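Across the two complexes that follow, subunit A remains constant while its partner is subunit B and subsequently subunit C.
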Partner chain A sequence: MSESVVDIQGVTRRFGPKTALDDVSLTVPRGVVFGLVGANGAGKTTLIKHVLGLLRAETGSVRVFGRDPVADPVGVLSRIGYLSEENDLPGWMRVDELIRYTRAFYPDWDDTYAEELRQTFALDPAARVKNLSKGQRARAGLLIALAYRPSLLLLDEPSSGLDPIVRRDILAAIIRTIADEGRTVLFSSHLLEEVERVADHVTMIDQGKIALSAPLDAIKESHRCLTLRFAESRPQPPVVPGVLVWEGAGQEWTAVCRDGPARLEEAANQWGAQIVAERVPSLDEIFVARVGIPASAVAEE
Partner chain B sequence: MQIHITTSDGVPPYLQIVNQVKYLVASGRLAAGEELPPIRVLALRLRVNPNTVARAYRELETAGVVEKRSTTGTYVSYAGSPLARREKLRIVIERIDALLAEARQLGFDAHEIHDLVRQRDAAMKPPESEK
Partner chain C sequence: MRSYAAALAWEFWRRHRWGLAILVIYLAALLVFAAVMGTTDPSPARMALLASVVGTAAIPLVAAYMLVLVVFSFGSQADLASRESIYPGRMLTLPVRTAALTFWPMFYGTVAAASLWLIVARFVFWPCGMELPLVWPALLAASFLAWTQVVMWMPYPLPLLRAFAAVVLLGVLLVTPQLAIQLAVPDGVIAAVLAPSLPLAYVAACVAVGRARRGDVPDWRWLLALPRRIAESRTRRKADFTSPARAQVWFEWRRHGRSLPFIVGILLPFALLLLFIADSDMPDVVLNTLAGVCFLPPFMAGFAATTVSKANPYVRDYYGVPPFTGTRPLTSAGLVAAKLEMAAWSTLAAWLLVLIATPLALTLSGQWPVITNAVQSWLAVESPLRVAVITVLIGLGLVAFTWKQLVQNLYVGLTGREWFVKLTVFVGLAILALVLPIGKWVYDHEQVRASFRDLLPWLAGIAVGLKASAVVWIVRGLRRRRLLRDRTLVTIGTCWLICFVCLLGLLLWLVPARLAPWYLLALGAALILPLARPAAAPLALAWNRHR
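And then the complex of A and B:
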């Protein structure tokens, strides 16, 4: 028995002519916060729908807690707390009805915890879901995703379009979940700042393919942002392997590179350029360098 | 304990915690024997992964800045002086470098700055300091 909570191997998914997922493999180990990042339409939601068993793997395999989520939806879904951007709660229900209704599905439902969350989130039990503000609706969704202490908390763009205070609640929920021994969080987001705060492992998806997947620490350690000052003004920067993107003008050019700074340092020497600044880029900068730029501008291999 | 985490400058969050705790200890805002918040509490307050706080505490422990006491918690260590000294030095050197860089820009040399520092130091001494 492996310790992985989610195990996806070689999954490809097409919608008509569009390839939404292209031979995607990833493993989410137990007890980590796993961040899934990618531009809109990169395939994050499609991937999450496979984990939930809402889509059947056309090729490859999906296992969650060692089970096939399509063949055994009860065994899988009873252990997942799920919140999506769409957050399609039944609008006609009152908050207390929503809580009672959801509770019926989960033997492990914790009434005390549910009530604690309801109070923390200041959710009026008599309010109709459809009359809640967007933020309160997200909190209601969060409550029913958390109150049975799921083994896996699965959040699909949970913070999208929400104010900072609700986003703070969502981050706190992620942190509390992981702080409880052995539980796991898989969340997708394009708020890289939040991912950088809470993720242990980051997977970047670009056009259905995994562009980068590694522990956040390793990603941060392998990427560097270097500013070079050339002796003379240059119309464009030199081509150096490992440099993902250049930015600058004239004599000063800044590169984001992968695999450490060594190759660029060597190249700088050769070009008679001085390295005037070196730092670790933010996840946001790494993401933009990795997937935000047309492939033609990247000096590969 | 006031710590601020930013993700805009690329410094890993655990290192920001390490640096800021060192700074707080060196500047006396965290006293020897003072207890640091539990990992989970600080993680929630800073909105970072608990593993990040755990890693920061481990590094601080290795560096001798804090010590774990059996099961109770993490405390600022009493024996942290050599590092605190080094850390204090680092803080001052940073300021001096910034001063020198600006002074050079404005056309002062190190000798003039040296004299000015003495002058200012004399001027700063409160007149009723003969205690």
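And then the complex of A and C:
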């Protein structure tokens, strides 16, 4: 893997009694689409704010392009394109003023690309930001985050503002283009279908801790979803090492397991159970299995 | 809590409990002071002194009343320039009748405002020998609050119309009783005139809240279409910004720069109106009016300054740096420099208005002879050079003072910590409440005044020592966090020293040695010139931006 763009080591962050990040270490390599997934309040935005230097690491270190974003905000921020979850573009600005103002900060601003994006997003240059719809504001935010072709694009919950068409077609296309050009995208989302569609690498955060971080293909390779039919009806599923979660009732139970299906297949043979279906689970199922109620909590001891 | 009235009362208390608690403590302190001091020795001389001390100690009551206004009109985090009602949208959807939505905030507010006066007048001023009327000032306080609520809750057809309506309506409400006092109208008549304004305000507020509830915001923006089109065509022709710093200055100007010129522009006609009322045999009124006009920009700059460091009210964290600003690839010092430059442009724009409007008003009112006579009288006792230099210095001093007023407390808001902002306001008011009565007491006693004069160099020396310590601490912080380069720090220090030497030279030339020795002037110059607080601004912003 090539050199890292973001390097986070042992970062812990507390807000009063709540631990938002708990000893988080993460490395984002250059040229990948890095998906950060987690439930609301899991710590995704807190992690992104550390990358931007908007939060200072209480413990541990954050390096972006090898620099400390707090000590050198200009050096780091001039290479980052950021779409905020808060959608806080100044309402009093017109779209053309927003473009004119933003381009002053970035020597690599590409006028042609900016105009192309403006037309794609159907943004009226004379419209005031406060009069734009939520989706249009998100498009305006995306425009100014993309138009200088940043080395690192940070998207904090882009789906929360964008309509399905932009989200599905345009955003995905843009993200892939950026990655193909060798630049890096780090985006957070709780819409796992979207992450599955575009991400190369997925990191799951749960209650401030990294639950899982690996390339998407490897994650999907290592998880299996198997449906077992037992000879008799069971009130609870059995405990099997490697099974993350059980779902079902009576004779038929479905398990999501990690590290391949071998152990579960072996256990099924022992109990005389029949495997009736086997497939690769979706990222959504893996996420729920990883950060939801653990299998041991519902399984019989 | 089963009723809307109880829930609303709880919300007011829960949200503003610290401010209201401080108000209660301050009132309690005043009451205890008046109860203890007011009855021990009722001799006329002592009562006069007590009245004077209590009178000045009660000055922060104005701030207390402002707090009551802000709390009960829901004005603490509102966009006053917008057309929409600032009545909280979430409350408009409650299953409560509009009459109740209007009544309870108005009831609580008017009762609080009237009680504030009644308690202070009856239990603080009266025991200290100040027999002030009770009823009509309480009614005035309540009316003023009720009409403020109307002005705040009403939707308007044009942006900024709320500010204009506030100045006119509330100005009338304030000026009318003063005129009545001047014309010796009996207290009962003033109260009889003020009393009906309360139910009228309630009706008007019901209309305002009802319209806000229906989303009925009249739109007359077509009136602004032509000027806007002209402005937009001018903007579109504008070239790109030459640097990020230029762009940021433009940003700050558009956000905050127009506040001071706007406030001064609204108040200036009212201030200059006295020139047209004063007769030719009332030179004092003309000169006092001009003095008032000269102090209008610095005085109003104190209010405008509160907006300069204000964060975006539309983001979740009202006091913090919005991500849009925080992620600009500009240093914290660069962001502060843009604010300082914007403040300079704002100051110049406000003074430009004064410099255009005042000669115009003097010409139209025919009051130029008063000014000519005053200058001639001055020339009779001073040399023309001295008169010219002093005039220029006063002018420059007022402009510099206006700028200083805009930026000196920038660091407070830039910290982004609500507790720090509120603590600073509280400490400022507490100091005011202590210093004013003590100052008044010193001024009234010849012997104490003489002792104070002897102590003044020491007090000034201590103040300079504190300022120097603060500067050292701030410079160390700036260097440690690498917010300013050493070269920039040396340049700032050199500029400050040059200004100090120039100011000291002028003071030594203007102030006779018998009035103040050179070292006192030097200490005064060191205290006047801003350094510590503006220098603390980048440190405060960095603390806020990188939390």
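The rule we apply is simple: the second predicted complex is superposed on the first by the 281 of 301 C-alpha atoms of A that agree within 3 Å, B and C clash if a C-alpha of one lies under 4 Å from a C-alpha of the other, contacts with A are read in each partner's own complex, and residues count from 1 in each chain.
FYI, a contact is a pair of C-beta atoms (placed from the backbone, for glycine too) under 8 Å apart; a residue touches a chain by one contact, two chains touch by 3 or more.
All values reported here derive from a predicted model rather than from experimental measurement.
Chemist: Under the superposition described at the top, does placing subunit B and subunit C together on subunit A give a clash or a fit?
Modeler: fit
Chemist: Is A:G10 contacted by the first partner subunit B, the second partner subunit C, both or neither?
Modeler: In the superposition, A:G10 touches no partner, neither subunit B nor subunit C.
Chemist: Please determine whether it is subunit B or subunit C that touches the greater number of subunit A residues.
Modeler: The partner that reaches more residues of subunit A in the superposed model: C.
Chemist: A:A126 contacts which: subunit B (first), subunit C (second), both, neither?
Modeler: second
Chemist: Does subunit B (first) or subunit C (second) touch A:D88, or do both, or does neither?
Modeler: In the superposed model, A:D88 contacts subunit C only, not subunit B.
Chemist: Answer with first, second, both or neither: which of subunit B and subunit C does A:K220 touch in the superposed model?
Modeler: A:K220: touches subunit B, not subunit C.
Chemist: Taking the superposition as given, does A:E285 touch the first partner, subunit B, the second, subunit C, both, or neither?
Modeler: first
Chemist: Is A:I175 touching the first partner subunit B, the second partner subunit C, both, or neither of them?
Modeler: first
Chemist: Just subunit B (first), just subunit C (second), both, or neither: which does A:F105 touch?
Modeler: In the superposed model, A:F105 contacts subunit C only, not subunit B.
Chemist: Report, in whole Å, the shortest distance between any C-alpha atom of subunit B and any C-alpha atom of subunit C after the two complexes are superposed.
Modeler: Superposition on chain A places subunit B and subunit C at a least C-alpha distance of 28 Å.
Chemist: Check subunit A for residues that touch subunit B in one structure and subunit C in the other, and list them.
Modeler: none
Chemist: Along subunit B, where are the residues that touch subunit A in the complex?
Modeler: 5, 7-13, 39-40, 43-44, 47-51
Chemist: Residue numbers of subunit A touching subunit C in their complex, please.
Modeler: Interface residues on the subunit A side: 52-56, 70-71, 73-74, 76-78, 80, 82, 84, 86, 88-94, 96-97, 100-101, 103-106, 126.
Chemist: Within the complex, which stretch of subunit C touches subunit A?
Modeler: Its residues touching subunit A are 232, 235-236, 238, 240-244, 246-247, 250-251, 254-255, 312, 314-316, 321-324, 326-332, 481-482, 545-547.
Chemist: Taking the complex as given, what residues does subunit A use to touch subunit B?
Modeler: Counting only subunit A, the residues touching subunit B are 33, 168, 171-172, 175-176, 178-179, 192-193, 196-200, 217, 220, 225, 279-285.
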